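Once you scroll down, you'll see the structures, which are given as structure tokens.
Next come two complexes built around subunit A: one with subunit B, the other with subunit C.
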Partner chain A sequence: MKRHLFDTLLILTISLLFTSLLVTVVGASPADAFHHLLNGSFGSWSKFSRVLNVWIPLTLCSLGLLYAFRTGLWNIGVEGQMLLGAIGTAGVMRLGVDSASPLLFLLLALISGALLGALWALLAGWLKTRGGVHEIFAGLGLNFVAMGIILWLIFGPWKRPGIASMSGTEPFPRELWFPTLEGWRVSPFALTLAVTGILFTAWILNHSRFGLKLKAVGHNPRAVPLYGLSAQTYMLIAIVISGALAGLAGGLQVSSIYHRLIPAISSGYGYLGLLVVMLANFKLLPIPFIALFFAALNVGSIQLPMMMQLDSSLSGVIQGACVLSALLVFGLRRLKAGAKS
Partner chain B sequence: MQIELQQIHKRFGDVHVLQGIDLKVDAGTIHGLVGENGAGKSTLMKILTGYLSRSSGEILIEGRRADYTNPAAAAGLGIGMLYQEPQDFPPLTVLDNFIVGRDSHPDNDRGRQQQRLSELGAQVHFQLNGSSILGSLTVGERQQLEFLRLLGRNARLLILDEPTTGISDRQKERLFTALRLIRDQGRTILLVSHKLEEIAALCDRVTILRHGRVAGEETAPFHIPRLLELMFDQAPESFLQTDRHLPGERLICFENVSASGERTGLKACSCRIYQGEVVGLAGLSGSGQGLFLRLAAALQQPLQGSIRFHDSPLAGQDHRAVRKMGGCFLPANRLEEGLITGFSLVDHFTLARGCSRNDAWTEATAAISRFNIRATPNSPAESLSGGNQQRLLLSLIPETASLVLLENPTRGLDVASAKWVWDYLRGHFRNQGALIFSSAELEEIMAVADRILVFFDGRVVRDLPIDQVDYQDVASAMTGN
Partner chain C sequence: MSDLSLSILLASVLATAAPLIIAALGETLTEKAGVINLSLDGSLLLSAMVAFMVAYESGSVTLGFAAAAATAAAIAALVGIFGIYLGQLQVAVGFALTLMCKDLAYFLGNPYSRLQGPQLISMKIPGLADIPLIGPVLFQQPLAVYLSLLLIPLVWWYLYRTGRGLELRAVGENPEAAYTRGIDPRRKQLLYTLAGGALVGIAGAAFSLGIKPGWGRPQGIEGIGWIALAIVIFGGWHPLKVALGALLFALLQVIGISAQGIWPSIPAQVFQVAPFPLMILALLVVNLLQRETIRHWLQQRPGLALLAAQLHGAPPRALGQSFKPD
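Moving on, here comes the complex of A and B:
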């Protein structure tokens, strides 16, 4: 426990030092930059609720990835699964315009998003288990295909009347916005969904027999047949859960953030989720916190161009530096352990 | 080059693998090194080639002490080894491979290198096309290239490990001719082989290893039964078992089964195994026994032929089907194939029994005392010693299993543990089904099996009830005689 704390502090120190150096080199004050980052994310309830709006999909994607990682799979395809989730949700919501029961359509839309995300993941899983295509290549390829589909929809069948543009499809009417409370920018329902996801995943992965089986597949796929398990089946199940959670994240982006389908609907949270999970060293407990930290960086950095003429990609630099220094620290730990034994 | 080993000892932890080996190989001779699995041949070769360090002892080259600690230094002294598996680069051409192997003579002139390759080939009558892709060549041709590489590097002591495995008879003849030729040039050859007739045909002198000691030395001409006698312990005077019995119904049935895998594959294997039988699979390691067990467990599918278990065909089924019908497989690589690293005993029982953690805890605790496993229910599998890992695997076999397939089940166990394992297995599973096991030790098979299948080169060459076994006959069948 003490060592974990030490490692975390070490990782943060390395990445902050690196970022400070970078900011100094471009002629700005690191202290100011961090102040604006902090203020931009935690400065007010309104800002913090924006952070939560990033935290929700990022957490869902990271949770999903964790299932795949448990079986030893690198589900790089989360990004595409999120896009498909957004498409599935937008598709059903289009049908719900002017309907008498918008809430029912919202619910169906989210389910459809999760299903489409799951299906997209299943495709990558099949390519892996049946076709022998490495899941990283399958996932990456499917990401590009998903991007193609979304662009085709926005510029084709679902284009705004008269104009087709990168700004996306016609916004949905207010009745189809995900319900929030007065004065809240974040939907308490979406928040509940994410928290439930965390608790459920904690139970599944750490306490259920199903979670044990996923772990067994990840630890030694050669041995699991002897226990009457099919490694491939469990890999498929894991990647499908992964896709469903990513699809749900995509669906929330449509129904509660953008209220329409845009090309950048995923905001790159799929890839960012991979960084979160790696930084968490593939464990569940740190994920919500790291996701919150990353979300705060994303939201906080929006102010940087206005206040300091710094590009908002600074948040990405910090995130990248964190993950790289984490991998370095973990790697050194392993080397040390290896040298000892 | 003359090489002499004096009192070479090698210990791995508590295991004393080589217990004072003395060996002298004269220049310009072909010297054979034989012994059964685990006799210490590989360890001795690795020490000679610098891959392993010795615990104590001396190596003398031309009468002078040689202290080398790595393979490069050994190669520098003129020691070269021809490995059983070619150590080369299949996607590159023959010439590329030849050049890579000659890094002590950096010369990028491909014309000159090609000429050198042809010259060396002409010396020993090997013809290799420099521009062929190595991967398209037969194992025998790749071995010829490796041989030429060694000659090109001026290796004066050539160590050959089972050089005739997987090559054709013609290639074998060519290799032998080449070996005699280079011997007559004054090079020294150390030939390690299980195949006694080859040793007899080629060698001037033979050293026999047994249990890490020199069991004897013989000079040509050789008397093969004498070599066998030195290689293997004497047949046990009396067998453990006394209770003969009549086999029950047919349990598993191989019909003309061929499969690929291990070194030799499995070739046209037919046999029937009945309820109540304990069947021992004998043979040099990798002769098809492991493949036989994996096919029976449906962990692998045959290329040809059919396998029936409890009269239902296994084609298209995986191990889960066999498991449901009461089959169970314990691999020799316990940690790599049988157990899950990072998983505790409780985790293993949860998986194997499909029960709750509480029940699994109860089972694990019971297994620890019943099977005398030195561990706690929460110990991770990799922290267990080899013997305890095997006890854990045994304890995971379902009580109701009707076919227990075991690969080298007592490997690494001491005599008392091995006896305990067999008492348990025979006492428990023989009445309700059959036991099939492979073992590197013929004595073990003779002691516990009712029936023996002898494998050689992927074929079953003997299938006998144990009381009709002639020990010498089986021992020589294992080596292809």
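Moving on, here comes the complex of A and C:
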């Protein structure tokens, strides 16, 4: 436990030193930059609720990735699965406009998003298990295809009457927004969903037979067949769960954040989720906290262009620096352990 | 199609393919030695930015190219050190680097957005450039185009006709055996990771100082690094086939741009993603061709079998694994 704390502090120190150096190089004050990052994310309840709005999809994606990683799969396609989830949700919500029971459509829409995300993941899984195409390239290719589909929808069949533009589809009416509390920017429903996802994943991965089998497949993919099912089937199930959670995240982006379909609907949270899981060293417990930290960086960095004329991509640099210093620290630990034995 | 437009098509294919060939050949060197450098997409972007920044500040295109090569080699060094010496997953390091370098490029390049900077001049090849019609189009290209075409036989020759090339391949196929023969696999792997990275950097500079001049967010080359990685697989880790793959891909891109004119109702962005499903399809075909049943089916069709044999390619056996001497 003490070692974990030490490592965490070490990782943070290395990445903050690197970031400070970088900010100094472009002629700005690191203290100012960190102040704006902190103030922009935790400065008020309204800002913090924006952080939570990023935390929810980021956590869902990271949880999904964990299932795939357990079987040894790199589900880089999580980004595209999120996009397909957004499409699935937006598609059903379009049908719900002017209906008598908008809430029913809202729930159906989320389910359809999760299904479409799962389907997109299944495609990547099949390409891997049946076609022998490495999941990194299958997933990545499908991400770009998903982006193409979104753009085609926004500029084609789903375009706003008269004008098609990068600003997205026609916004949905208020009845189709997820209900929220007075003064809240974040939907309590979405928040509950994410927390449930964490608890459910904890139980599945660490306390169920299914979770054990996933782990066994990850350790030795050739140990077939396990309890009647082949290792490949377990891989497919894991990647489908991964895709469903990413699809759900995409669906929430449409139904509770943007209230329409926009080209950048995923905000890159799929790729960011991969970094979250790596920094968590592929363990569940640190994920919610790292996701919160990353979400705060994303939201806080919005202040940088306005207050300091710095590019907001600094948040991404900090996130990457954290992961790299973590890999460095883990690697040095390994080296030390190897030298001892 | 008239002679002139055909040669213009050819010229734009060569220009589009040039950075792709350079980057993919660099990655081929690295992967042949057994290391997978997944950071290509971010490396290309960051080195393109550095090339533009240095060339803009110094006025020297040559300095820009040198700085870009050094930048991407430094990124590759991280993949090498983390992956080879610290035993971390090479794909994990590469993926984290690709995301970070992209953001780093946007962050540091912010002040250089949408500026006019120096560019690689087109070089006339004396004599050939004076051929009527095709001469001015084919033999008056940016230097990077000639470099890319020169690199193809050069990399092939190095890999398959020199002693060092043999060592390189030995390290990628069977590092243990190479080790017992007195080669240090880790040093060799790090060396070719650096060399491959430097080529990727030159490719990045070729973009921002020539093929897609300038800097901005987005630059327009986002995603190209992933395509270069896929082309290495598609080309079966063989430099000639890798280069051919890059040329084919460039041809598709050029055709895509002209197709936009034919179907203006389809948004431009859709054409930009068209290469990716083709990439998946190509990888699928390459893999399916190695199946027993399909091979059997092909045996009765000699013509097709010959074609399939050309597409066949196996990865270096130690690819992505870190060697540990005892």
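Going forward, the second predicted complex is superposed on the first by the 336 of 341 C-alpha atoms of A that agree within 3 Å, B and C clash if a C-alpha of one lies under 4 Å from a C-alpha of the other, contacts with A are read in each partner's own complex, and residues count from 1 in each chain.
Here, a contact is a pair of C-beta atoms (placed from the backbone, for glycine too) under 8 Å apart; a residue touches a chain by one contact, two chains touch by 3 or more.
All of these numbers come straight from a predicted model, not from anything done at the bench.
Looking at the shared chain after the overlay, A:His219 reaches subunit B, while subunit C stays out of its contact range.
With both structures placed on the common chain, the touch criterion links A:Phe42 to neither subunit B nor subunit C.
Taking subunit A as the reference chain, the count of touched residues is higher for C when subunit B and subunit C are set side by side. Touch criterion met: A:Phe144 reaches subunit C, while subunit B stays clear of it. By the touch criterion stated above, A:Val133 is placed in contact with subunit C alone, subunit B being left untouched. When the shared chain is aligned, subunit B comes close enough to touch A:Leu229, but subunit C does not. Across the interface of their complex, subunit A is touched by residues 38, 78, 82, 85-88, 91-93, 95-97, 99-104, 106-108, 110-111, 217, 223, 226, 229-230, 233, 266-267, 269-270, 272-274, 276-277, 279-280, 283-284, 287-288, 290, 324 of subunit C. Touching subunit A in their complex are the following residues of subunit B: 299, 318-320, 323-324, 329, 331, 336-343, 347, 350-352, 354, 356.
Note for the complex: subunit A touches subunit B at residues 209, 212-213, 215-216, 219-220, 222-230. Per the touch definition, subunit A reaches subunit C in the complex via residues 22, 25-26, 74, 76, 127, 131-134, 136-138, 140-142, 144-145, 147-148, 151-152, 155-156, 164, 271-272, 274-275, 278, 310-311, 313-317, 319-321, 323-324, 327-328, 330-332, 334-335, 338.
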